[in-house]
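Shared between the two complexes below is chain A, which has chain B as its partner in the first and chain C in the second.
Our next item is the complex of A and B:
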């Protein structure tokens, strides 16, 4: 056995816990998870059946943690996991799975398959079977502080532009602020309007906030690639900045996996609870709305729908907040079939968008989103994840669909009372 | 060995042996799972893990509407044969007598005509499940030897029970002996195969629901 394979098998053994063992023990190979996965429904290739993507992990569980498996292994009757097998599974577990967790919602015996894919990636990365694109993103996250290589001066430039544009200060490194805002590199580079939107909303609502110059990146490539040590290091950076600035809460921005990383995985990665709260921006905005601190004017007259980012809604629990907010904004809001916790993934989450090898596949499976949109014909899509947004734009272009993709936070900012925008109805 | 001797052996030592393997095997499998343990979640909870876990144990028996439309055949045949097996196992008068003998508990039986019809429907559903397993590209791709073995040991008690009840071919003691043997085969195979899902699905559904419930999601 090669040293890397040994490391991989060791990592597999490490991540197997009682839930994983119960999941593998319960699978009856009914195949229902295939029909919940856009990578299967849009390709009809059986290898994309979610539970099949876990076969190496299942083998290790069986050989190491089940009586029957240990017996067959001792008798030399079992098929061990090999390097070739992991090479074959690399594309299944990284290119054709976004860890969206839709399969976990339909499995009749209750298998949380996405929970296991997340764990399996630990062994894949340890054995040297992670995709080059994700390795690059992770290296940049560790060395530069951002998977896209965004450095502080780039953020500072965007902050200066935003301040000039909106005439409001963007607080940086303000000790004692109530909220620390994190950003994803995509927001900094592709959607800097998000920063201005936050500044306007918080200014109106009287929220005390700051950005940290030491930890502004919200995303966590360590989780996507499956290296918990790196994931923990990236979380620690945020924790230390939050503690240094003595904030009460950290705001996770419009990014699905960032929310999963900082809200749900973070404390478990670093092995201790936080001394602060973590809220998703939509949770905070909905709280402000409820408290009467977020006041909007006018409504969007176009037909709007909301694309639930998987890690924010299905895996994260922020489902009703965007709908409350849209209620306030949209005259003609329409749900896609199977929205909310059963929404179909855009096809590019979970590190798929950082993995160029998967580009063709992610655009192919976008057809599922197309079908969902074709059922309701919206004029525009609103979402709350910049990664979803970029891929939705990509997919819409690929399929020749003309439809703007908007950020919920930015749309709210455009409708803030006292900041009338052209084109919106009073 | 005469027919009577065979029946006595089947009902005596063979049944005892099968029961021991069945119960011990299940206990080992469940302990193996529980002993792996699970780390405490350090993230601040939004909802209740326990409530979510218990809810999913029940709710996962029913597919959502769109999922059902997509996978109706699997869902419907699955429901039919599971209910059929439980109804014939638990509500056929001779079975209840056996339970009373072993457990000291008794309950009303269903009329034999109902049991008879249920058995036929269950056998048809199980045959349909096999055809689907072979004909459907996903299940054919996923299936291993074990899946066909489990199918066989599941349908055998239904078939042998039906034949024994209608006394076709062999003498009644022989038919009963074969029926009980087929059940013993099922019991012996049980702990080593996916038949374990009958017990472990309560754990996996609980874990699934608990993971989601902790985050405030109904899974």
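Our next item is the complex of A and C:
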């Protein structure tokens, strides 16, 4: 057994906790998870059945922790996990799974398959079976602080230019602010309008906020690749900045997996509760709406639909908030079939988007989103995740569909009432 | 001569233009930063966008090309960003905005194009380290003034 394989097997054993063991022993092999996974439905290849993607982990569980598995291993009758097997499974675990969790929703015995994939990636990464794109992103996240290599001077330049454009200050390192805003590198690089939109909305609502120069990155490549030590280190950076600035809440931006990482996985990764709350930007905006602090004017007349980012809606529970907000903005809102917690993934989450090897498959399975859109014929799609947004644009282009993809936060900023700021539509 | 000194008036003037005028002035904004985009398709697209007599078919084709260029230029999530290439992405995005029909986006095409052009300059300022905040907006005020007075 090679040293890397040994490390991988060791990591598999480490991650097999009570839930994973009970999930494996509960699986009734019904195959329902296959029909919940867009990689299976759009290819009809059995290897894309979610539970099958976990076969190496299941084998280790069986050999190490089940009576019959131990017996067959002792008799030399079991099939051990090999390097070749992990090489084959690398594409199944990283290219054809976005950890969207739709499979977990339909499992009749309640197995959280997405949780198990997350765990399995720990062993895959430890054995050297992770995609190059994700390895690079993780290295940059650790050394630079951003998976895309965004450094502080770049953020400062974006802030300076945004301030110039909107005529409002963007607070940085303000001790005692109520909220600490995190940003994804995607927002800083591809959608810097998001920063201005936040500034305009918070100015109207009277929200006290700041950005940290020491920890502005919201994303967590450690979770995507499956290295908990790195994931914990990235969470610690945010916790440290939030404590230093004495904020009451941390805002997760329009990024799906960032919300999962900082809100739900974070305290478990670092092994202690936070001294602050974590809210998704849509939760905060909806709270402001409810308090009468968010006022908009005019409505979008085009037919709009909302794409639920998996980690925000299905895994995160933020389902009604975007709809409350859209109700303020949309004259003609239409739900996609199977929207909300059962929405179909865009196909690019869970690190798939940073894995160039997965491009062909990612665009093929976008056909599922196309079917959802074909059923309602919207004029535009609104979402709340930069990664979903860019992949939706890519998929629409691939399938020759002509409709813009908009950010919910940015669209709200366009409709702010009573604003004298240049960026508002009024 | 019409003069602008702030974005509020600038945006109001842009939003008051009809669809063709918005496209034409947006094309001029893009021409002002086109050197930041190395993809030759954008130069062709902008030639169509700045043609006041361009047919609907030509504009639809140009929009398709602009969009395809934008997707080719964007920095994918998790990959290492290059701000010089990112400047090209924003120029392509500005060209896409210039050709997008009125009413398809929450903000008007010309304003959207102006903003993307400024983002292209910001991206280049990140590469060079020069603080160019405000310079592109002043040039856009001048471009709009000349357009309205022509």
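Just so we're on the same page, the second predicted complex is superposed on the first by the 418 of 426 C-alpha atoms of A that agree within 3 Å, B and C clash if a C-alpha of one lies under 4 Å from a C-alpha of the other, contacts with A are read in each partner's own complex, and residues count from 1 in each chain.
The rule we apply is simple: contacts are C-beta pairs under 8 Å (C-beta built on N, C-alpha and C of every residue); 3 or more make two chains touch, one makes a residue touch a chain.
None of the values given here were measured: they were computed from a predicted structure.
Contacts of A:149 after superposition: chain C is touched, whereas chain B is not reached. Contacts of A:187 after superposition on the shared chain: neither chain B nor chain C is touched. In the superposed model, A:42 makes contact with neither chain B nor chain C. Contact with chain B, but none with chain C, is seen for A:342 once the two complexes are overlaid on the shared chain.
In the overlay built on the shared chain, the residue A:308 is in contact with neither chain B nor chain C. Judged by the touch definition given at the top, the superposed model places A:264 against chain B, while chain C stays out of reach. Residue ranges on chain B touching chain A, taken from their complex, read 28-29, 32-39, 41-44, 46-47, 56-57, 60-61, 63-64, 66-67, 70-71, 74-75, 78, 136-144, 147, 192, 194, 196-197, 200-201, 203-209, 211-212, 215-219. Within the complex formed with chain C, the residues of chain A that make contact are 133-134, 136-137, 140, 147-150, 153-154, 157-158, 160-161, 163-165, 167, 185-186, 189-190, 192-193, 221, 224, 300-302, 348, 351, 353-354, 356, 379-380, 386-387, 390, 393-394, 397, 404, 406, 410-411, 414-415, 420-423, 425. Contact residues of chain A toward chain B in the complex are 16-23, 25-32, 34-36, 40, 44, 46-47, 49, 51-52, 65-68, 104-112, 115, 263-268, 271-274, 277-278, 314-317, 319, 337-338, 341-342. Across the interface of their complex, chain A is touched by residues 6-8, 10-11, 67-68, 71, 74-81, 83, 86, 89, 100, 103-107, 115, 118-119, 122, 125-126, 129, 131, 133-134, 137 of chain C.
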